[in-house]
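There are two complexes below, and they share chain A, which is joined by chain B in the first and by chain C in the second.
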Partner chain A sequence: MTMASVSTGRGSVAPAVRRSRRRWTGWQFVGPFMVIFTLVFLAPIAYSIYISLFRTQLIGGTSFVGFDNYVTAFQDPQFWSGVSRVALLLLVQVPIMLGIALLVALAIDSGRLYGKSFFRISIFMPYAVPAVVAALMWGFMYGTRFGLIGNINDAFGTSIPDPISSGFVLAAIGNIVTWEFVGYNMLIFFAALRTVPHSLYEAAEIDGAGQWRIISAIKLPAIRGALVIATIFSIIGSFQLFNEPSILQSLSPNYITTYFTPNLYAYSLSFSGQQYNYAATIAIIMGVLTMLVAYVVQLRGMRKEV
Partner chain B sequence: MSSATQQATAGRPTGAGRSGAKGPARLRSKRPAPSIANPRKSLTLTVLTGLVLLYALVPLAWLVINASKTQKDLFSSFGLWFAGDFALWDNITTTLTYQDGIFARWFFNTLLYVVVGAGGATFLALLGGYGLAKFNFPGKRAVFAIVIGAVAVPGTALAVPTFLMFSKMGLTDTPWAVIIPSLIAPFGLYLMWTFAAEAVPGELIEAAQIDGAGPFRTFFKVAIPLLGPGIVTVLLFTMVATWNNYFLPLIMLRDPDWYPLTLGLNAWNSQSSTAGGEAIFNLVITGSLLTILPLVIAFLFLQRYWQSGLAAGSVKE
Partner chain C sequence: MKPNNEVKGTTMNITRRRTIVRTAALAGALSLALAACSSSDDSGAEAPSSEDAAADIQAALDEGGEITVWAWEPTLTQVVEDFEAEYPNVTVNLANVGTSQDQYTSLQNALAAGDGVPDVAQIEYYAIPQFAIGESLADLTPYGAADLDGTFTPGPWSTVKQGDAIYGLPMDSGPMAMFYNAEIFDGLGIDVPTTWDEYYEAAKAIHEADPNVYITSDNGDAGQTLSMTWQAGGRPYTVDGTDVSIDFSDEGTTKYATQWQKMIDEGLLSDIGGWSDEWFQGLGNGTLATLVTGAWMPANLESGAPDGEGKWRVAPMPQWEDGESVTSENGGSSIAVMEASENKELAYAFIDYANVGDGIQTRIDGGAFPATTAELNSDEFLNKEFPYFGGQKVNEVLSQSAADVAEGWQFLPYQVYANSVFKDTAGQAYINSSTSLADGLQSWQDTSVKYGNDQGFSVDQ
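Let's look at the complex of A and B:
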């Protein structure tokens, strides 16, 4: 309080020249980030909006087509099948993953576990595994030849199909994604739970509140910000799904199509089909869609606060 | 010291102090009743959480076990136990020498991308986060809005236009194509911003300025020592992002000599499904193990720092 009044007092005394120079000091720190940010974020966004308005053909070259690419995309069944696939994953996998992460974070935070730091670090560890390695590893384990599914079939005489070369491929990928990120989300929740003052719990205990009541009335509201952030990041992650299906594609070419997810579709369009303009269109639509969903989640998450 | 451990240990004495103050109520029970700060351990809860622990660790155990098998044993032995021949050292030697030791080349490429990319990203996030937290400047709100909005833009959506731009600049198929986009970590900036706002008191900066230190001298001498846990946290997370990067190098690089480990491993794996390609599953598995080891070790040894960094970063939420 006193510090604040002192500093404003000195600020008003300081000559105007010095103050205006000081006002720009912040830019010297933020500037380097913003320069590279402009080069690798803003410029590509502007550029992809620009090229999405053109079409390149073998005969006739590049011509301005306005919003034709967007009209094509909205009528493209391959694009929408990819969108509905990631939307399904989003609706099923994200709640399961965040639910498990939250339960584990609450369990560790309750202090009622034996060896809680071992739990915390071990469950987090898969996060350090690259998506490539995770997909290769689970791909092997799913396999009927030398994977665990094969072992089960040998032992029990069953014929469970390889999940990635059957209709279960989306669930199989959802499982890999869950495995990779459940610990990361757990840690975000746990870190938020640590910041809740213990005096609140003690007060609630004196008032006769049980564990579940403390969780629903104190802990969950206290970490709502972390829940919203984790949900938004998971939504972005689902919409961007690329690495896992792309790597498993060689094991299951019949079930993981080139348009399995919108990102895989954009990638195939650009690098196998040379259709850069249409790929940029798909990327922009997905970007807008992601931001819309993230924005709605944020609005909903924050509205409850009032 | 890390603030998380301080919090954890600080929680107990106050809890004990409080229960001591409520002494008369306690006399009824012989043993001190478990408090919130130090509750009774639960075996049921431990076992239930243990299921998630198993889910997390079994695949890693599978990787370690199968890295010790020969290609033949991979197909003939049970997946979650060791086979007759313990071939781990042979596998490691073969992995490192296969195709004239290209695995080592990939390893050093990855190291280059991580040191320059993640190191640079952390430094830029540190500078920017500190600037946002401690200075008022024209356009600050716009900077913040743009960067937060950018977090929601799918990174892979930018990949195709970035590739086209870089190929016009002649940057594709060079290390720069992987390093430059890695330099930006919007979430790292956000984390540094919240961390710097908490960890560096404004009074300290003012005091340094009264002593005649310029803004950068103040930053290096006063702020950086206070930002240690935040720096380690952002560094670890940008390291994971660059070490695990697959999509960006996949589109930017054609020459296997510049591949990072992730691309190399995938190339080895797809070799088996191409006609005439030699199946080297044992090398893919051993290579995968070698790829994850450095990160696992880094996370284990730096736990104290990044966990407290995360805790402090979440205060602002």
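Let's look at the complex of A and C:
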């Protein structure tokens, strides 16, 4: 009885131990990643969601308010004016920027450009300039008293207004962003174009296709993945617009309000208004909104590929 | 309960005095407890404890230690050097983390994080209620600040003293005066304006004579607007504990808004932002003819607009009615001890040295405008001739202005936030002809009311 029970016990225990050790080994490999992933990605998001459910008041302290902050945000005209501003930028500036980047990438890839590495470097250069420096630099160039615009006005007797101190402020910011990121997107497109096998071009030429035909029938379809990726990056970048307006705010305070973009709004809410909970709410809504838009673009962009 | 408390307070005092010699950190923790005790019985125990407080502070100075001070006031650098020379065991880390709003943002961040809070911070008068209500500032009465009644001019003293508590020691004050470029007025043969109507006429004449020259610049500044409203008799804020009312439609405010609207509509104000490089250049090169601002300005003019040397003069603030002499305050700061400081005795010793002790003279020599009555009325101070102002005895005008400050002004308990959204609201009147200044102020009021109610105050309009 005892013998039997021991032997059966052994027989059943051994595989169980092996199985559990196997499981443990797997966790050892995944563990370090999971720990870092949890600490760096999941914990901040969870914490933001957690604090967005509370409200801290100067008088009365902290209390749980459920989804009140979300309800407030959906009815907050300042928040939505910021969202519509970045949406407008997204609709106008992103196509222009990606269009220019694509043109430049195609031009460099065509092999007909003289000094192509010079162009590649010089167009990419602005991306290496920190956004803060770029914003300041453009801010000074835009100036009508000492800046480039001022010089143009003096030289030609024109009266161009200071773009950041007028209704053109969003366009002026769009211009800075375009200048900064054309090179980056160009590099993505160019890298994708380099992977297209040359035999395809030769085959097309033998079939009598011209350059435009090659572009529309071979190059563009081949880099569709890169186009979608660049578009998604640009969408995220537009929704997260912060550096440029934040820097230019000191040069044009009345035009760039504290809620000019959603990120700037969240920043002002938390750092000058101490409304950390509401700022977290805004951040989460913006995160979800960005994910939604990016996802829709990805779905549409990838659909035709199949 | 009351006598019992007092006994507890004194025993704690004695215990504390012994422990302070042992470890500074422990003393800090206990002083927190002491502050708590004394605030509950400060009606009775003040007088006997002030001697103890002085002894404690002397002990802290002898013991030495390290404190961190956040301030942007330039004259404090010399004060810190002198203080360290006098008390060799003490190290003061003076850090300029930004001016005004920038520093408050850093301070709020440190407070929210509960880490990196300095021992002492420069806080402008308008910001004191906000930090006091957040219980971020230490009450200075247990350290002997209660004995300072009458040392400072009434305006600044009334803002640092809230109820029975004292939240900071006044460092400088900013009674308003009109700084003007005499060369421009003499050149055009215009009299220096004494009323706001004359100021408006002068603005037109100056801008007509040279379209690049403006009487002053204003692109929307909360502090300036409030000071002008204050002088005009407006009292938009009424604060009683957590009951707040905001009304920007009272007679005085309207008087200011109407007059200033004319200046905006007729393009008589330059849109150069205050304190920018361009602004200082404009003050130096004669593009900006006047500056109605606080009495702390002379040192800033000398350092920021050296080209203006000899051209500038100071005159009393223009009046709303001929023959009146009513002024208001603009800016001015206190330095305060933070509640989170672990060495409050030492921190208090420093602010006491800077604002009540030898530091005052050092700072006056550096060009600061003091908030202490003795210095403001001393002959040496009044008779000082300023070469930058062509030898004018500038302090006579400024001291007079300090005496003429209108009473009854209050700031919001969340003025720092309110000021940060001024440009979003009232600032729009400066760039958009369809928004009047009165509309802008109304929308500033709405935003401030909403924020106040969200924060648990009871705000009406």
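Keep in mind that, in the parts below, the second predicted complex is superposed on the first by the 269 of 306 C-alpha atoms of A that agree within 3 Å, B and C clash if a C-alpha of one lies under 4 Å from a C-alpha of the other, contacts with A are read in each partner's own complex, and residues count from 1 in each chain.
The rule is simple: a contact is a pair of C-beta atoms (placed from the backbone, for glycine too) under 8 Å apart; a residue touches a chain by one contact, two chains touch by 3 or more.
Note that the structure is a prediction, hence the values are computed from the model and not measured.
> Return first, second, both or neither, reflecting whether A:Gln93 touches chain B, chain C, both chains, or no partner chain.
neither
> Based on the superposed arrangement, let me know which partner A:Tyr255 touches: chain B (first), chain C (second), both, or neither?
Touch status of A:Tyr255: second partner only.
> First (chain B), second (chain C), both or neither: which does A:Ser165 touch?
The second partner, chain C, only.
> Per the contact definition in the header, classify A:Asn263: touching chain B only (first), chain C only (second), both, or neither.
A:Asn263: touches chain B, not chain C.
> Touch check for A:Phe271: first (chain B), second (chain C), both, or neither?
both
> Taking the superposition on A as described, I'd like to know which of chain B and chain C A:Gln57 touches: first, second, both or neither.
In the superposed model, A:Gln57 contacts chain C only, not chain B.
> With both complexes superposed on chain A, which partner does A:Ser234 reach: first (chain B), second (chain C), both or neither?
neither
> Using the superposition described at the top, determine whether chain B or chain C touches more residues of chain A.
With both complexes superposed on chain A, more residues of chain A are touched by B.
> Please indicate which partner A:Trp27 is in contact with in the superposed arrangement: first for chain B, second for chain C, both, or neither.
The answer is first: A:Trp27 touches chain B but not chain C.
> Following superposition on chain A, which residues of chain A contact chain B and also contact chain C?
On chain A, the residues that contact chain B in one structure and chain C in the other are 145-146, 250-251, 271, 276.
> Show me the residue ranges of chain B that touch chain A in the complex, using the header's touch definition.
Counting only chain B, the residues touching chain A are 4, 7-8, 11, 14-15, 18, 35-43, 45-46, 48-49, 52-53, 55-57, 59-60, 62-63, 66, 74-76, 78-80, 124-125, 127-128, 130-132, 134-140, 143, 146-147, 149-165, 180-181, 183-184, 186, 189, 202-203, 206, 215-216, 219, 240, 243-244, 246-247, 250-251, 261-263, 265-266, 269-270, 273, 281, 284-285, 288, 291-292, 295-296, 298-300, 303, 307, 310-311, 313-315, 317.
> Show me the residue ranges of chain A that touch chain B in the complex, using the header's touch definition.
So the residues of chain A in touch with chain B come to 3, 7, 23-30, 32-34, 36-37, 39-45, 47-48, 51, 100, 104, 107-108, 110-115, 119, 121-134, 136-138, 140-141, 145-148, 150-151, 179, 182-183, 187-188, 191-192, 194-195, 198-199, 201-202, 205, 214, 223, 225-226, 229, 232, 236, 239-240, 242-243, 246-247, 250-251, 263, 266-267, 270-271, 276, 279-280, 283-284, 286-287, 290-291, 294-295.
> Per the contact definition, I'd like the list of chain C residues that touch chain A in the complex.
101, 104-105, 108-109, 112, 130, 133-134, 219-220, 242, 271, 273, 278, 413-414, 416-417, 420-421, 423-424, 427-428, 430-431, 451, 454-457
> Report the residues of chain A in contact with chain C in the complex, numbered from low to high.
Going through chain A, the ones touching chain C are 57-60, 145-146, 165, 250-251, 253-255, 257-259, 268, 271-276.
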